[in-house]
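Each of the two complexes below includes chain A, the first together with chain B, the second together with chain C.
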Partner chain A sequence: MKLNCHRGSLSSALQIVSGAVPARTPKEILKNVKLQVTDSEISLIGTDLETSIRHVIKDCESDQSGEVLLHTARLQSILREIPDERVALEVTPEALIVKGGRSRFRLAVQDPSEFPTIAAFSEENYHLIDAATFREMIRRTIFSCDVESTRYALGGVLVDLGGDSVTMAATDSRRLSVISSPCTVHGTVGETNSPVIPHRAMSLLEKSLAEGDEQVKLAVRGNDVVVQAGQSTLYSRVVDGRFPRYQDVIPKEFNATIELVAGPFYSTVRQAQIVTDQESRGVDFEFSADTLTLVSKAPDIGESRVEHPISYSGSEMKITFDPRFLAEFLRVLDAETQVHFCLIDPQSAAVFKVGESYTYVIMPLAQDH
Partner chain B sequence: MKWSDVIGHQIQIEMLHEAVRRQRLPHALLFAGPSGIGKQIVARLLAKALLCVQNSETDLQACETCGSCRSFDAGTHPDCLTVSKPEGKAILPIALIAGEGDERGRSGLCYDLSLRPMLSRRKIAIVDDADCMNAEAANAFLKTLEEPTPDTVIIMISSQPDALLPTIRSRCQMLRFRPLKSSEIAELVIRLEWVDDRQVAEEIAALSDGSLSQAAQLLDPRWRELRTMLWTGLSAEKLETGRFAAELLEQMESKASDAGERRNAWSWLLRFAVEFYRNELTELTRELSDFAPTDNTPNGVSNCWDRLERTNQLLDRCLEEESRRDDNLNVSLSLEAWLTDLAQLRRKESAVR
Partner chain C sequence: MILHIDMDAFYASIEERDNPSLVGKPVVVGGSAEGRGVVAAANYEARKFGVHSAMAAARAKRLCPHAIFLKPRIDHYAEVSRQIRVIFEQFTPLVEPLSLDEAFLDVTGSEALFGPSAEIGRQIKQQIRDKLHLVASVGVATNKFIAKIASDVQKPDGFVVVESHEIQTFLDPLPVGRLWGVGKVTGQVFEQMSIGTIGQLRHVPLNTLIDWFGSSGEHYWQLAHGIDERRVVPDREAKSISNETTFAEDITDPDVLRAWLVELVEQVARRLRQHDIKGRTVDLKVRFANFKTISRSLTLPEPTNITHELLEVGIELLTKRLPSRHPPVRLLGFGVNKLDGSGTSQQQLFDRPDRNRHQDVDRVADQITAKFGKLALRRGARLDTSDD
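Take a look at the complex of A and B:
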């Protein structure tokens, strides 16, 4: 089999697929990517057995169909170093020959049939979501995952697929992010399906969705989910565990609602965060008429008071929050975003709402000081 | 490899087949038995058959043709997770079970088991050298071991099940594997083409304690040379402790480069000694029973009894030394002390005689 590829497009395809190639693995063969040539397309496949990426290479021709394993790191170095615009690959049963204008590399190959098979996206029934929205949804939920817990379901993002909307939720049991967005269904999808997709796959998805992609196709199968966007298809195994019933923890009624603008409030929170340490993580949020004062004290560092003007007319109230949880939430918002800060009392969960679709629930800390 | 290729362990294999036939396979199994007898082979065959996507749920025969079987043979099956003690290490660290440092909860066996299977109906975890898990690793594993996600089978393999935490042991169903018969070892040694000569194979098999890994060590002729040397020394009229100890030590060191190897050589030496005295004991018993009651030779009988008694004492001394094998004593000192004791025991006897 002989191939002729544009160096740049092969290199960028390799770059994308290598996102799934494990750096350290006991299964040596997984350090390779599989180049698969079929009648219709030429694609690269990489996997760490948890997530897999299949990427169609453009500007590449082959004289026949077949497959070969390419050592990811080695081929990456070759493509980086040779100056030519096009590279030729020649596959024989014994070796892979990579040819540039003046260079020739003969590399040992492994049996491609030993590499796990990753089928092309062939689902008939799937959800269609706007790519930019999908990326935004991931960005706004993924930070709430609890990747260190042994409750593995919390280490992923729940993707609740309804008939005309998709909801993502992530929680570490101290805070919860929920966001939903409309979507369309292609074909027929069965009853509501709610896979939990691991954190790693989600962040890989967020990174690999290119700017140009318009729509994302998302299909849930028995044990994995398949997401296709543009030239790339990402497969991820789903977490086998029960995700908590997140709807139940979102309060419905509040005693006070405060309007905030994300950017300035984020800056205030960051200021308050300076004088905190591991022991005194909490920052007191003191609400009084038209002013919110953030008070923090750390025995070894000092103390700080930061005021933030708000429109508030209720009774005075003091609630303690972990500022990191607020900062992580505010960071994913645009500076001018309008945020509703909804409160009940110092013991109950507080809720941030952005528009109708994005909700962030945060538990206050106990006030022991 | 198929079930029919397995030598020995037919009862255990039948039990596994029966459990699957009745769909009563426990989610955690503990394969216990001496090392080098094929526990892992049985575990892998079981895993392969359970993962096969062509056979029926109640059948424990892998089809050998489906994608699952092929990728199992290639060692890349995504649903077969194996962990074992890293080479050259004495413990199976927590990093392999639950991830370490930044990776805690994000890698390791427990994390992998939290995902849905990829290719097959279920996931299989094989934990080899399970007794080498340190307390941290074992405790991190408890939760998964007790209540894994559905469709998970965990196979723990251990040559020292007593060294496992009781909490681990009680969460598994134990299946004990016996050492192989000496004829089975001889058969294997020949089948594996380790030796051609059946007599050598049988000699090795007899010394191997039913373990193929022990037999593999015995392939090195120097072990057998050491045995011959020891036997010649022990059957000599007079035991010259100092010289003999030096000779043995030299022979052992030609084989062993580091402390671990020396210890291993020392334990072989003791085993050869035990074997020597055991043989002598058998010989004496036979001699004794051959005395016809009409044979009026009371001296001969009492002489024989004395020798029996003495051999018993010598054997006891060897067994005592063997039981101290794991106490980390200095090998050359132990060797000299042991030989001196043997020489003394023999002298005492000669004086009586």
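Take a look at the complex of A and C:
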């Protein structure tokens, strides 16, 4: 089998698929990716058995169908180092030969039949979501996942699939991101489908979604989800365990609502973060007439006061937050985004709202006892 | 001046005190003579037969068949340790506990109130005897290193004061093995160079020592000259709180290691709670029989001083993060750093009934231990805490 590929296309396909390749595994063969040529397409497949990606390589031709295992890291190095626009691959039973204009690599190969096969997307019934929206939804929720915890259900993003809308939620039990968007259904899907998709799979999805992709297809099959977007099809095991009833902890009524613009407020929060350390993570948010003052103190470092003009006429109030939780939220917004900061009191959850569809809940720090 | 106060055969002495019929008989605390287990402590009577702590209980039984074997009551010992600490704190807030039975005190600032350091040391020793009916050995000196040796040289029931002008005469005749940091390997080098005493070492020029031992050379030189600038660091100022124990006999049984870990974690957690501080990063230190030392650490999402949470992480490190095959263990240490004394906690969105429950367990345990020390309150399922 002989292939001729655009080096950039092959390289970016390899980049995306390598996201599923495990860094450490007892199954050495999984450190490879499989190149598979069928009548209709040429694709790369990577998997760690939990998460798998199949990605169609564009601008690539083959003289026949077949398959071969590629050593991920080594092929990546070759594609990075050779200068040629096109690269030729030749597969024999004994070896893989990679040729550029002036370079030739002959690499040992392993038996591709020992590598799991990942099918192309062939679901009949699925949800359809705008790709750019889907990507933004991931970006606005994934940072709230609890990747350190042993509470596994929090280690992923809940994807609540309704008939005409999809909601994503992620929380580490200190803050919560919730975002909704319209969707459509192709075929027939169950009434309620709420898989928790692992952080890693969501992150891979976000990276594999390209600018031009139009629609994302998402189907749930037992313990797996299948997502197809543009050239990529991703399979992931869903997370076991119960995701908490996040709707219950989103306050509905507030004592004060402050309007902010994301960019300048992010800058204020970043200033306040300078004088914090691991040991004293809290920053006091002091609300007074027309001014929000962020006060930080850290033993051995110093202290800071940063003022931010706001429109506020309520009584004076001080709430302590971990500034990281604000910064991570503000970071995923465009600088000019309008944000509503909704407050109850120093002990209760505070809520940021962006438009109607994006809600971010954050718990304050409180004095012990 | 610095005091080093070291309780004599602490666990065994408490058992003798609580049950006078044991006095004069060899007493071994820890393990069971029939099954597995290690000696946690032995009284002086038992030591005459060669029994020492961390020795396999079965071996202790062979060496001293008529010894009385008792189950350790760590919580009780911890309570007595707290009572001793109350005595210390009458004289100075600068108390640095090293373990349940040992502490450094900086009494420099207390002399105006209570008289000379030696007098303070004598009063503390007397109060421990009068109030608690236990015997402490006390070393009084200008720094930690000398104070620690001083408390040891006349043990048991020792009381040694080393004034600054007496340092050289005190140190010179002592064997070099007394220097902190001198183990088997360094000891052999000194032997080859015919250096037997600290006095002989003191006459070796600094450069020569650096040639022999690299940066440790300067450390030995300083100690030989009686120089040690380490401060007494009370827990509440500490950057980390830790506890470690060296086993006289290397340990291979993972269950025994785990049991020791439980004791270390309990002590560290109690110290954190005593000062209302929490820690975020947990460190496990293991030194193997071949002296190779490794540290493993894990950072928690939230600072904690809940015994159960610290123990979970400790056991995780011990069971999953050590090399699967490793030499016997000579030393085990557990510590917590990234301390948070801010007195604030991150509030949670969702109720954590389990966390509240463990907090309650700790609070009640601390109260009971403080109030009724003799009640041997012990955490259940000591050896299989990871299974819950």
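To be clear about the criterion, the second predicted complex is superposed on the first by the 343 of 369 C-alpha atoms of A that agree within 3 Å, B and C clash if a C-alpha of one lies under 4 Å from a C-alpha of the other, contacts with A are read in each partner's own complex, and residues count from 1 in each chain.
Note that contacts are C-beta pairs under 8 Å (C-beta built on N, C-alpha and C of every residue); 3 or more make two chains touch, one makes a residue touch a chain.
Keep in mind that what you see is a predicted model, and the values were worked out from it rather than measured.
Undergrad: State whether chain B and chain C clash or fit side by side on chain A once the two structures are superposed.
TA: Because the two structures are overlaid on the shared chain, the partners are seen to clash.
Undergrad: I'd like to know which partner A:363 touches here: chain B for first, chain C for second, both or neither.
TA: The second partner, chain C, only.
Undergrad: Should A:349 be classified as contacting the first partner (chain B), the second (chain C), both, or neither?
TA: Touch status of A:349: second partner only.
Undergrad: Taking the superposition as given, does A:198 touch the first partner, chain B, the second, chain C, both, or neither?
TA: first
Undergrad: Identify the partner contact of A:38: answer first if only chain B is touched, second if only chain C is, both if each is, neither if none is.
TA: Neither chain B nor chain C is touched by A:38.
Undergrad: Where does A:148 make contact in the superposed view: on chain B (first), on chain C (second), on both, or on neither?
TA: Once the two structures are laid over each other on A, A:148 reaches both partners.
Undergrad: Using the touch definition from the top, say if A:237 reaches chain B (first), chain C (second), both or neither.
TA: A:237: touches chain B, not chain C.
Undergrad: Going by the overlay, flag which of 43-51, 313-321, 331-339 or 367-375 in chain C ends up clashing with chain B.
TA: The answer is stretch 313-321.
Undergrad: Residue by residue on chain A, keep only those touching chain B in one complex and chain C in the other, then list them.
TA: The overlap between the chain B and chain C interfaces on chain A comprises residues 148-149.
Undergrad: In the complex formed with chain C, which residues of chain A make contact?
TA: Contacts found on chain A: 146, 148-149, 171-176, 244, 249, 278-282, 320, 322, 347, 349, 361, 363-368.
Undergrad: What residues on chain B touch chain A, complex-wise?
TA: 67, 70-71, 74-76, 78, 82, 98, 104-106, 110-112, 114-119, 143, 149-150
Undergrad: Contact residues on chain C for chain A in the complex?
TA: 276, 280, 299-302, 338-350, 352
Undergrad: Where on chain A is chain B touching in the complex?
TA: 26-27, 29-30, 49-50, 111, 113-117, 147-150, 152-153, 155, 198-200, 222-224, 237-241
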